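One structure follows; several queries about it will come next.
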Amino acid sequence: MTEKTFHINLTCEDRPGIVAAVTTELAGLGANIAESNQFWDRQTNRFFMRIAVTAPQGVERDGLLRALEPAIARFDMKTAIADTARRPKIIIMVSKFDHALLHLLYQIRVGWLDAEVVAVVSNHGDSRSTAEMEGIPYHCWKVTKDNKQEQEAKLLDLFKETGADLVILARYMQVLSNDLSNRLYGKVINIHHSFLPSFKGAKPYHQAHERGVKLIGATAHYVTPDLDEGPIIEQETERVTHAMTAEDFVATGRDIESRVLARAVKLHLENRVMMNGHKTVVFG
Amino acid sequence: MTEKTFHINLTCEDRPGIVAAVTTELAGLGANIAESNQFWDRQTNRFFMRIAVTAPQGVERDGLLRALEPAIARFDMKTAIADTARRPKIIIMVSKFDHALLHLLYQIRVGWLDAEVVAVVSNHGDSRSTAEMEGIPYHCWKVTKDNKQEQEAKLLDLFKETGADLVILARYMQVLSNDLSNRLYGKVINIHHSFLPSFKGAKPYHQAHERGVKLIGATAHYVTPDLDEGPIIEQETERVTHAMTAEDFVATGRDIESRVLARAVKLHLENRVMMNGHKTVVFG
Amino acid sequence: MTEKTFHINLTCEDRPGIVAAVTTELAGLGANIAESNQFWDRQTNRFFMRIAVTAPQGVERDGLLRALEPAIARFDMKTAIADTARRPKIIIMVSKFDHALLHLLYQIRVGWLDAEVVAVVSNHGDSRSTAEMEGIPYHCWKVTKDNKQEQEAKLLDLFKETGADLVILARYMQVLSNDLSNRLYGKVINIHHSFLPSFKGAKPYHQAHERGVKLIGATAHYVTPDLDEGPIIEQETERVTHAMTAEDFVATGRDIESRVLARAVKLHLENRVMMNGHKTVVFG
Amino acid sequence: MTEKTFHINLTCEDRPGIVAAVTTELAGLGANIAESNQFWDRQTNRFFMRIAVTAPQGVERDGLLRALEPAIARFDMKTAIADTARRPKIIIMVSKFDHALLHLLYQIRVGWLDAEVVAVVSNHGDSRSTAEMEGIPYHCWKVTKDNKQEQEAKLLDLFKETGADLVILARYMQVLSNDLSNRLYGKVINIHHSFLPSFKGAKPYHQAHERGVKLIGATAHYVTPDLDEGPIIEQETERVTHAMTAEDFVATGRDIESRVLARAVKLHLENRVMMNGHKTVVFG
């Protein structure tokens, strides 16, 4: 058969009738709701919804949008519709530590993540062979104080030329400028190697070791101009002991970071994450 | 204000239009969807839905049911509507170990669980003072091979007389008869002190210790005639070591059991658990 | 039989021969090592050891100490020897939220924690009946800016008079003065209701909710003059979602706090925690 | 400097004086105890100990053994001494699913696991390029009912010729014969893709899905003639939901299996695992 699946995300001020209006239009097209999630933020009276629909042959993204237009207007909704037949395109950025990159590539290879890596960008040469073996274009762009603006311009060009949907900072150790963070708002996911908001900034495992914590963690978040303050998508912690060195924390952390980042990317690519101010709604 | 909140649970064969039909009727009543969850079981093509609605003054359970009747008939739905203003009534059964009982009573006291305990039933006298201090009727019904049928008849009477909604076996060490299990199908939750299906039957912590496992767990499930085979609602595990005795396992297990049971009871009382054959759908 | 068990804790600069010297003396007394843990902190070259020994009839704490004296002198050890036949005495302090208090009392009742509660002290009257039912002296000492010094003096007197070994702040919402923190250094355990160092200070669950974290936690630590900076004994986290309110965080947190505090207290009472500067060594 | 580190593992019937006897000999050689763990199994009165010592220049494995010989004889100890300067050699066996293999190779590459992979053996051709890229000899030995004995003989020859210390079944889907299991007793680690003893045998994730569990897990254990009954080294579980398919369980399981197997292998290679009948003592 030639059914297609679409993800519809919408948000608006909450009031009665939203779900009825949307689902009635979908039923009118013969579309079936495969999955539906919603959240009403009582603090802000904001309503969030994600619907996965299977639509009969001939119903395309444009047709869905047209059918929903009256409801969108009536409730003043922000809407996004994704055609799951179109494979999302991602750019992965990495510095020297490549565990998170390798984990992403593996999860794509076995089909758990559904995405096409259109480029690997690094400020180091280390991962060139990894990228090339997978047939992924590799760009080694060293970053200095002087050329940062220029290199970020190249990244933005690459993003546009490749039609990329998402940039993943898989242990990329350069801070993006405020300007770039704003331009790619909601389209850059970073993995921070601590349980935020603990241990912001550099060398978080060493900070954690110095503090004597009994758990360490990792946090995947959207990048915003406020460093390490972006909306959190996913977190996880694991137990550590006094007998472990800071390097043992780093090694334990590698696994946590890899998993947390991969899960956050999957949630994003499946359109399960919606921005709610500086927080996220995650329809897991 | 005098808004009321209702939980609507429904299940039927999946086909397009279900959500639209139901939510359109709800919108027609001016009811607002506060929360909605659904699940389509592709293996069986079965559809499950739970909606929490806030209805304007004057709309009652009967009115909701009437409004939904055409949709119920059209899609051949099984439906349940709960008025959250009516506090659920529960009977807690316990033998000697009272940690799970105490945890339930505490969670009710602080309001995390919303329920009225209409009776504590035990085959031992140990928890009498606990029950009495909280002003809960306490029934000590010793069970022997000879009087088991009679005692179960008393339990069934108590269930009817008190208008109870749920029986909780909070470490009640007697096995319910097949007959009683069938009569109270879906209305009895047990906590089994192992990670089912491992270590069914008696002394699971000692079995686990003997096997040398590195994690122990607990399982809350509905009671069915097949002992320890009922639909699982909630499970959790915790790490153990070779240095721990079977008694240490028991002590660690107390916390796990208390939490897992309380969470399962909360999910049930909030109508978040739906039976799907011998499995459950849990809208957490 | 009349064997007795002792816990010997010692710390000194690391060099060869420490274990041999100590265990040779113990063997000379006919004492058997039931459990032994050690840690060499390479950063500071500090050595830490805990030994649980069963000693034959007639060997007492003093005899052990005398036997170990040459080794203590030779390696310049700090040593503590606890006779497990002597039940530790504890003072529990609480404000309004009583879940952590109740959990401690329950764990003592079932024998998981081995301690005698010599007093419950509160700045509120709420837990009086709980304490009295267990036959524990209850002191309601309101604290104001004006009488704080006086009330702390009463606490210190109580500590001395009762021969208490440990003060537990089981959600006691008053900050101890620097002076008292110093006088009771290493003898006061607090439960902070966040995953430290995140969300220090007041209303941590509300801070966490505002930040949009995906995990919340609790931290048991020794009290020092630096608020929320004391050596961490135990931590744990649990998953939360965007759909939970700050109050849901509080409810989830109650269980975490109760468990984390009880585990930290057990570790301390079993002499498994040793101070290592502003960190702890925990022989779990 | 030229200090060397050795791991000394010993087990014997428990009685006073063991630790003193052993550590006195070590002190006599000027060896320093970097780490020490012990366990007294009260059920069987068996004593287990692992000591990591740094020995001064000139002290070798033979010298340590000679020094300990009187103690070994006196207490009838079973002893093993490993020179950590000698890198352990491992053979990894794999069928089609290569996630656990890749994770092991990665952990070796970054130094978290210290081992030399002397061969990858498979009954399929899939991982040939992976092995060859790392310069590891690859053997594709198809197994049928008729040639099983012959292929196992080749494996045993390979084990001897390469001087291998450990065989790792990293999702190798053939069952080893009783004869081979016995010959390599304690030297073969398997990852079973369930939380044993639940879901032994084939397709455990599908069994788990059918049962409707809320957690899935993985178990690393030594291989014995009793299939899926070998001594457990390490286990872990992760949460699943009704909304996940059996294939989602498989995908979630990949991460768990990879981590659990890698941790078990690390524990084994660091001589932290000791057999205690059909259980293990794990000095983590």
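Quick notes
Going in written order, the chains are labelled A, B, C and D, and every chain counts its residues from 1.
FYI, a contact is a pair of C-beta atoms (placed from the backbone, for glycine too) under 8 Å apart; a residue touches a chain by one contact, two chains touch by 3 or more.
Remember, predicted model here, so these are calculated numbers, not experimental data.
By count of C-beta pairs in contact, B-D exceeds the other of the chain pairs B-D and A-B. For A-C, the equivalent interface within B-C, B-D or C-D is the one where over half of the contact pairs agree by residue number, namely B-D. Inter-chain spacing, taken between the CA centroids of chain A and chain B, is 36 Å. Chain B and chain D have Cα centroids separated by 42 Å. Of all residues in chain A, those touching 2 or more other chains are 35, 39, 243, listed in ascending order. In the complex of the two chains, the chain D residues touching chain C come out as 14-21, 23-24, 26-27, 30-40.
Touching chain B in their complex are the following residues of chain C: 35, 99, 102, 106, 110, 112, 133, 243, 251, 254-255, 259.
Residue ranges on chain A touching chain C, taken from their complex, read 39, 42, 195-199, 211-215, 217, 231-237, 241-243, 245, 276, 278-282, 284.
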